[in-house]
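First up is the structure itself, then whatever we jot down about it.
Chain nomenclature is as follows: A, B and C, assigned in order of appearance, with residue numbering initiated at 1 for each chain independently.
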Amino acid sequence: MVLHHIVEAQQFNKKTLQEIFIFADRVKERIERGFPLELLRGKILANLFYVKSIRTMFSFETAMKRLGGEVIGTESGEAFSSELVGATLEDTVRMVGSFVDVIVLRHYQSGSAKRAAEVSPVPIINGGDGAAQHPTQAIVDLYCIEKLMGGVDGVSIAFLGNLMNSRTIRSLVYFLAKYSGIKIYFASPRTLKMKDDLKEYLTEHRVSFSESFDSAEDLMEIASKVDILYLTQIPEDHFGDRICDYDKYREIFRINQNILNRLRKDTFIMHPFPRGDELPVQVDKDPRAIYFDQIKYGQFLRMGLLCYVLGVRVD
Amino acid sequence: MVLHHIVEAQQFNKKTLQEIFIFADRVKERIERGFPLELLRGKILANLFYVKSIRTMFSFETAMKRLGGEVIGTESGEAFSSELVGATLEDTVRMVGSFVDVIVLRHYQSGSAKRAAEVSPVPIINGGDGAAQHPTQAIVDLYCIEKLMGGVDGVSIAFLGNLMNSRTIRSLVYFLAKYSGIKIYFASPRTLKMKDDLKEYLTEHRVSFSESFDSAEDLMEIASKVDILYLTQIPEDHFGDRICDYDKYREIFRINQNILNRLRKDTFIMHPFPRGDELPVQVDKDPRAIYFDQIKYGQFLRMGLLCYVLGVRVD
Amino acid sequence: MVLHHIVEAQQFNKKTLQEIFIFADRVKERIERGFPLELLRGKILANLFYVKSIRTMFSFETAMKRLGGEVIGTESGEAFSSELVGATLEDTVRMVGSFVDVIVLRHYQSGSAKRAAEVSPVPIINGGDGAAQHPTQAIVDLYCIEKLMGGVDGVSIAFLGNLMNSRTIRSLVYFLAKYSGIKIYFASPRTLKMKDDLKEYLTEHRVSFSESFDSAEDLMEIASKVDILYLTQIPEDHFGDRICDYDKYREIFRINQNILNRLRKDTFIMHPFPRGDELPVQVDKDPRAIYFDQIKYGQFLRMGLLCYVLGVRVD
């Protein structure tokens, strides 16, 4: 099965993911050997961003250009959508899709990527739609785990911080549920806990998980057990006037020396960036910090993904 | 005669148009045969947009990149023009013209393209200046008519909707006046009727035309006669508080089943997009709807036009 | 010594400048001979602009693309910096630096280029940071002087207008201090005079300079003596309500026929653009006006500079 559109985590199975990883591996190998990368010469990608995201835009743009392809796009989502008031998403996708070979769509509405995929003459890659999903970022993380741990089966992972609103974590958890022997630990402020739908999904798929709220003690306990500590930023504006609450949680969910001491030697620290107080720069030098590798592997994965959806073989 | 700058419809004659169409034909053939398109490798186009237009920007950007060329530009017209306050259009064109090989200019002032052409060291293509003209969009439409009808001479065409403010229709009418046996039907709300200067131009050039206002009956009559029905969107804000007027005209100038029934089997429906209520998506499946072909032919034409003004032969 | 980062004028010596000029010369020669310029094929530059500057952005973008390289970037500085609130400059530079091969940074804070250079995995080119420096623009001017005058040693140059706030003039003066026999004349409104730190720097380095304020007579005298008259725009908003002052200085520091008559035949008129009243378009035809050459040489220099920092030999 070759996926034409990359819309949501649920559409993937382990085999498809493995195929995409092989594409990424081959791109990585070619780059490391210094081979020319003209695989996508003559192809054009459109960054169709109704919501701004410099990070996602940059990463796809670079991936495409590293492969010899070209990119069009608009960085300014609001302006774009206001100009095309009167133009439905469907008409815009049809129009842009008649110009280019692949579209990365970022939109403020859940389900937009699916709507786009239904009318688009070219592959759609979901670059984040509404609060729903951000599957490519999650595939990047999965690829990084696969490469650095030698596989995903049997991995134990703790997700910390803003679990309620992290699209990346949501998508990544859906992916993890496809593997066997996964153990998940959710640790967050109670008001930012993981949503029920996803926990139900895990229960249905018999994935082992636990939850912990507001507790520094639990965190120490969890830290000593897991293969991966996956951090996210706690948003200040979530707490409104309750600035003491913010200060309290910021303190609890920050990586400090005590936590570092409790982590095993082979535990990895991941973070999707941007970071806040939860991840002090002092941690950067710790050999267990792999968040800059996440970025590097992300580029290989995105290049592989582009070749994959465009049906271009990488040998 | 090779045109250096593409400024306004009036500067073209049938022979020049034919030459540009041949460039577009050859590009189309090369693409359909899968030939490499490196014709503009090493050339750079600047999208110099003082007014935002994602659509026009995207279409030239893609055309240039499909031919192996490069593009610089700014999507954000207001910001651009505010930064360059103190820099006249002339100085900006000179500066940018010393960086690149061709400039697509979009500006809020009528006559700007002409001013730019007077000082520019490289070809200027008018991507719309003020309320005046948008010649490239009109050449696109003309090329589409030429290809799909086998020629432009003798064509009968009805323009519907916002005739007063459509630059594309204005430019297209100027072009049509160069051909023989053209019959034009204007049908619009009385407050959005075609301006006098253009009707005088048609009279002078002995082009047959008629006008109809506010009448659904006329529209049925016209629909049964023409080769092409060219629709445009009726702007809600034109009517201010008179929302009933808007509702009335929106109803009259909307393509419905009755109109579709009255159209001949070989009549084409065109639309420059974006669309509003006047063109329901149900019409998309009608074989007479060619507005997505307009977009496709537009890309061939723009590619041909770029080769033409840059003096690059397409064999 | 090969410089990895281009941060400030002080880091250069005459030898390094000469090396960069040789790169620029070779690029110029290749272009003039019509050689293909694929020197930077496969390389990617990021325009990381926290502050908007279309001019600087365009010039680096074109330089990179003329050499076969690619560019990513965001034109919209405010938006960029607001999105990355929470992301420090350091984290952003690390992230972007893992995507691309060279970064052009423009930032609102003095010292930002230095901070970026400390963490960046790829070369940083300072495209202007705060009120401090704009070294590349100054190197461009220096290269232009070198080419058109056959050398920089012994040059006498008058700087006119807004001396207090011109980063380009500040950087250029630092560069000139590295050469021998330089004579500098500062002529400005008293409220826009050159800052003390730079005059102290000149005194320390035994560079001959003089100052003149508010005087049309002095200007005539200076004009008759110098090899180069370097103009800048007097900013209207500097004077607030004192519109008469503005009008007075605008008049004094404007190039008029009297000044042109006093200039030697081999004196050059330079201007970094954009221009205001101080440089009427009538002067453009004067053979001593070389400000459009500044732009042209600027492109060769930027291309040479990119090859230099990327370690790509130009033969």
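Everything below uses one rule, namely that a contact is a pair of C-beta atoms (placed from the backbone, for glycine too) under 8 Å apart; a residue touches a chain by one contact, two chains touch by 3 or more.
Just so you know, these numbers come straight off a predicted model, no measurement behind them.
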Numbering shared by both copies at the chain C-chain A contact, with half separating same from different: different
Turn needed to bring chain B onto chain C - CA fit, degrees, nearest 5: 120
Mean-CA-position distance for chain C and chain A (Å): 41
Chain A, residues touching no fewer than two other chains: 75-76
Touch list for chain C against partner chain B, complex: 36-37, 52-55, 58-59, 61-62, 65-66, 75-76, 233, 273-276, 281, 292, 295-296, 299
Chain C residues touching chain A - in the complex, by the definition given at the top: 42, 44, 46, 70, 72, 74-76, 79-80, 83-84, 86-87, 90-91, 94-96, 98-100
